[in-house]
Amino acid sequence: MLSLSRVVIGYGQLEVVHGVDLKVGKGELVAVLGPNGAGKSTLLNAIAGIIRIRSGAISLDDKSIGRLPSHLTCRAGVSLVPQGRELFLEMTVRENLELGVPASARRAGPERIEDVLRLFPRLRERIVQPAGGLSGGERAMLAIGRALVAHPSVLLLDEPTAGLAPKIVDHVRETLMALKAGGQTTILVEQNVNMALAVADSVYLMNSGKIARKEDVRESKDLFESFIG
Amino acid sequence: MQALRRLSGLASIGLVLCVGGSAAWSAEPGIAPDKIKIGMFGPLTGPVSLWGYPINNGAIAVYNHVNATGGIYGRKIEVVDEDDACDPAKAVAAVKKLIVREDVFAIHGGTCSATVMAAKDDIIEAKMPYVVMAATLDKISSPVNKYIYTTTMPGSGDGSVMARFVASMPQVKTIAIVKHSDEWADTKADAFSAALDKKIKVVATEQIDRKVTDAVSQAVRIKQLNPDVVIAFTYPAETAVLLRDARKYGLTVPFVATTSVMDLADLSQRAGGVDVVKQVYAASFLASPPGSSASAKWDEIYKASFPNDKLQTLSFFGMSGALLVVDALRRAGPDLTREKFIQALETTKDLDAGPAYCKISITPENHQGCTQGTVWSFVDGKVVPVGATWIEPKQ
Amino acid sequence: MRPAIVIFLLLLLLFAPFVLDAYTQYLVNLALSYSLVCLGLNLLLGYAGQFSFANAAFMGIGAYTYALLTSRLGVPSLVALPAAGMAATALGMVVAGPALRLSTVYLAMTSLAFAELVQWTFIHWSAVTLGTDGVRVRWPAVGSYVAQGDKNTFYVVLVVVAISYWSALRIVRSKLGRAFLAIRQGETLARCSGIDVERTKTIAYAISAFYAGIGGALFALTIRFIVPDGFGLVQLVLQFSMVLIGGLGSLLGGLVGSLLLTVMPELLRNVEAYQEMLYGVLLVLFVIFMPRGIVGLLGRLGLVPQEILVRGAVAYFDARRRKHSGL
Amino acid sequence: MSELLTLIAAGLEVGSLYALMALGLVLIYRTQSIVNFAHGELLMAGAFVGYVAFQPMSWPFPVALVLAVLSSTLLGVAVERVVIRPLVNHPHATLAMATVGVSVAVRGAARLPFGSDILTFPPIISAAPVFIGSLVISAQTVLTIVLAVSISVAVFLLIWKTRLGREIRATQQNYLGAKVVGINTGKIYSSSWAVASAIGGAAGVLAAPLTLLYPDMGATFLLKGFAAAVLGGFGNPLGAIVGGIAIGILEKLVGAYFSTYLIEISPYVIIIVVVFVRPQGLFGRGQIVRV
């Protein structure tokens, strides 16, 4: 469904990702693991169209999206939950969610928002508050919710659990499981190996801008830990 | 070492070019058998270029006219017109260029007082005969300097014409003054105050800034004091704004203004109609307004050189100076030298200054050739000279 | 190799008055005075990354201090010169001090207001400044020697400019200079590496004002007649253009820019009507295509040595691009 | 008393123009962190286009107004696309410099056709002013205030009630966030400039009968607009409006009750006082220290 082939990304004179191949099937949850600076976030940003790729190709359902700017990749069905959440802090929770709804689906907006509020009841309590007043966990939920109201074909999650309390990490994990059960195609970039292994169908290991290997999750967990160090 | 040799080579080439480039060798700079080079400077770029072109062009039109009618002893006047952007730093550069590079015979230029003040030293050091174009600051030509001459009415003249006129107005006991904060307005205001009838009381002195959008505060303030006359030492655009707001807020007393707004027709357009400039009296250094039969000849001369321009009274600033230059060149004779030219300038007597009100007279003790002016006003929809003293308007 | 070139160039400059005519000499003097004003602006804008509009006002304060001290009080030039720098610094500190703690736009606005206030004072405090009458400036005197004429003042200007550049070079190569650059690359980052950001910004501001003040003094003794109008917005735009076209974040940049922009309008005297438009378009083109100015371009072509700071600027732009694209 | 009211009415008139200037400046500043020094030229362009349509062409005023707004908008969008867009990632100083360049270029261009004369825009309504005792109000004053208020209200509705407005606010608050939710940020940049320039152009036409027309006319309004924006806490549209009106009225009062020598300098004194005393402005929320 989503496939990357020989994708190269860089900034200025610096090349960060050197020819990555990656495939995600429909309904699959793929995790990308690797140490800091491996180029995982860069890769997600490139899929979302926020960074231009230098060469290679990205295609979604056989449609090439590798050269599209972010608003068009969004329209094509890619939604990113960025590492920094990047919420609209002066707007209310509802406004944040409304902004996630694409213009083409405006009529379905209230219904989709309702779905998200069912998924994250905490957000319902805070619905009229500005996003700037939310806790870290709530912000993570809002960021995921904002991506979900777009009903993305592919959901890109960039370290959704970073800096969260264990209880909330569990909540996020359960949410991901539920989404997977609902057939959501997802790429998850994580530092939290346990959490990633718990939800992922398959795992890519990334290091120094390259995919080191693709592993089946059922394989030994120790392998990953030795790899990441 | 080789680089050094190459560089010194370049320098010597440059030297040759510099020397070779200057006018052909002659006894007197700026003079050739068939031409006389006159340097000119003024604001040709930037905001003040609004005035720079009409003023300099007035002079150029006269020189062109002289050239078209045979020149001066077979010599044509060649004008080198430099930009000073009304900026002292640029004016100094322009004048140095005229002196050193262009090697002009004399300079006729300078519209902004500051640029003339800045360039003055260089002109004197170069012993360059200099006729001021339109700057009116008294300090420029007084105290007398051998090389500097003016034909435009100095600021003090403006002020005293206005004072005389106010003294002749019936039943004026109190006046209010509105002025800019600059040396242009100060000179006029100081001369005005000095010449003002001591029985007349100044009830307020208000400031109006350059480029203001309105003058409501001034109008309201003055209206409260209810003076008999308002005296305005202001530039044309600001005078228009002041008048417009004064009339709008019910300040209907007469205004007496400087030569800057003697083009009352223009002022009425800017201020919003003839009604607004009723009872406005402007000092003027011209004998008659543009468009009148007396100035027709000069209008024609201007149009001959600049057919597409609107003729403004500003252009006459340049003309009177050019007439002085031309006259002195003629009287200096065919064997022209700067010394002879200066001598001719210093012995100018009752020269017809064309459109100007005065006759130009210069002596070694007085280099301000023109100190007389008149007063203009709108009568029956036309701008007419009413004279320096009040004449009961005929109804 | 490099010191040799510098000495050679200086020697060449020493002989300049023998080849140049008075007009060119005046332009050279003017450009050199501007180069000091630009030096100040470049340290603040190009190195410390602070956007301020007070530079023309600082230049004015310097020019007026020098002119009034020498012409009205008979203070010797050698005393009046540093006094000009110090006056600019002191006044700048009083007004802009609080703005340095705020975000960029507030420093910009406060300095703009300060600049207007300074000009207003020049005009209205006529008991001291002589108002719009302007102040005539004498030829500079050192002891009993009077440097009369453009050719002689050139040496005074040259010495002051040389000393200033030398000291500026020392500053940017010191720990302080590196601190400036760190702040420019990001205040948080600078704070993390143990730099007292407020203090460093204040120092940058003070140094910048000092150079602008001295530059103003040289400007006054070059044109020998100053009026309040000369230190307004037009002057400021000119200085920004000089720094930007010459080279932001390079000491040489201000010098190149001021030489170019002093000479270029003189060469363009024939296209007056289009001059202003051309000027604006040029400015925009430089900002877009050569943000590090002529010196930056020459550096990239290997014609002048890439200063550490130019390289720093490259790194900065790269870093910024990366930050904006999401990382 | 009625002098006071007269002054306040006149202050409201210019103040509402300062407010429009400040509103445009704040919109652009909020979206791209650009202090737009070419904003005065957008006003100037609007004024001149309005003049040409209203005077030599003698088209009706609404047509002149629309044409002026359109041409300023076009100019603003062009500036954004050609000059600002390539510089998006550059430091504030560079961006501000670019707008300074634009300002100089536009002024130079305007000087070619309009540089030789100061033009006058006649009052749009030539009804005689109304005297109520000594309170004087002209139809022009009322028209200016009414139009300025309507424009401000329209802009506020656009910002707070439309999807475009919400996307503009989103982009202002979080650029990356806006990209992530699929907002076409390029379009938002253009729209912000379009709205700001349209306001500038309208301000130009409204200012034209009040002031006189010349290529440098924008500078005065720009500086007052800055003062208004700072007073309102640079970045707050409502603050910009209130700041503009406050400065307009204050100028008139200072001039009439203290000294006419202080009129032009008072806005700058306000800026300095505000920065010393309450740097977040009247309406800012304390977020002024950049980290």
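Here are a few things to note about the model shown:
For reference, chains read A, B, C and D in written order, and residue numbers begin at 1 within each chain.
Everything below uses one rule, namely that a contact is a pair of C-beta atoms (placed from the backbone, for glycine too) under 8 Å apart; a residue touches a chain by one contact, two chains touch by 3 or more.
Worth saying up front: this structure is predicted, and the values here are computed from it rather than measured.
Fewest steps needed to get from chain A to chain B, stepping only to touching chains, is 2.
Taking the mean Cα position of each chain as its centre, A sits at the greatest distance from chain C.
One finds 36 Å separating the Cα centroids of chain B and chain C.
Separation between the centroids of chain C and chain D, computed from CA atoms only, is 31 Å.
Centre-to-centre spacing of chain A and chain D amounts to 42 Å, using the average Cα coordinate of each chain. Chain contacts: chain B has residues 49, 181 touching two or more partner chains. Listed for chain A are residues 50, 82, each touching two or more other chains.
Within chain D, residues 111, 115, 176, 179, 219, 261, 264 each touch two or more of the remaining chains. Interface residues of chain D facing chain A in the complex, by the touch rule stated above, are 163, 166-167, 169-170, 173-174, 176-177, 179-187. Contact residues on chain C toward chain D in their complex (touch as defined above): 45, 49, 51, 95, 98-99, 101-106, 108-110, 112-114, 116-117, 120, 124, 187-188, 233, 237, 240-241, 244, 248, 273-284, 286-288, 291, 317, 320-321, 324-326. Within the complex, the chain D residues that touch chain C are 29, 35, 83, 86-94, 96-98, 100-109, 111-112, 115, 175-176, 179, 219, 223, 226-227, 229-230, 234, 261, 264-265, 267-269, 271-272, 275-276, 279, 288-291. Chain B meets chain D in the complex at residues 47, 49-50, 53-54, 181, 206-209, 211-214, 216-218, 220-221, 224, 236-237, 240-241, 248-250, 269-272, 309-310. Residues 4, 7, 11, 14-15, 18, 44-46, 49, 82-83, 86-90, 92-93, 96-97, 99-101, 114, 117-118, 120-121, 139, 181-184, 186 of chain B are the ones touching chain C in the complex.
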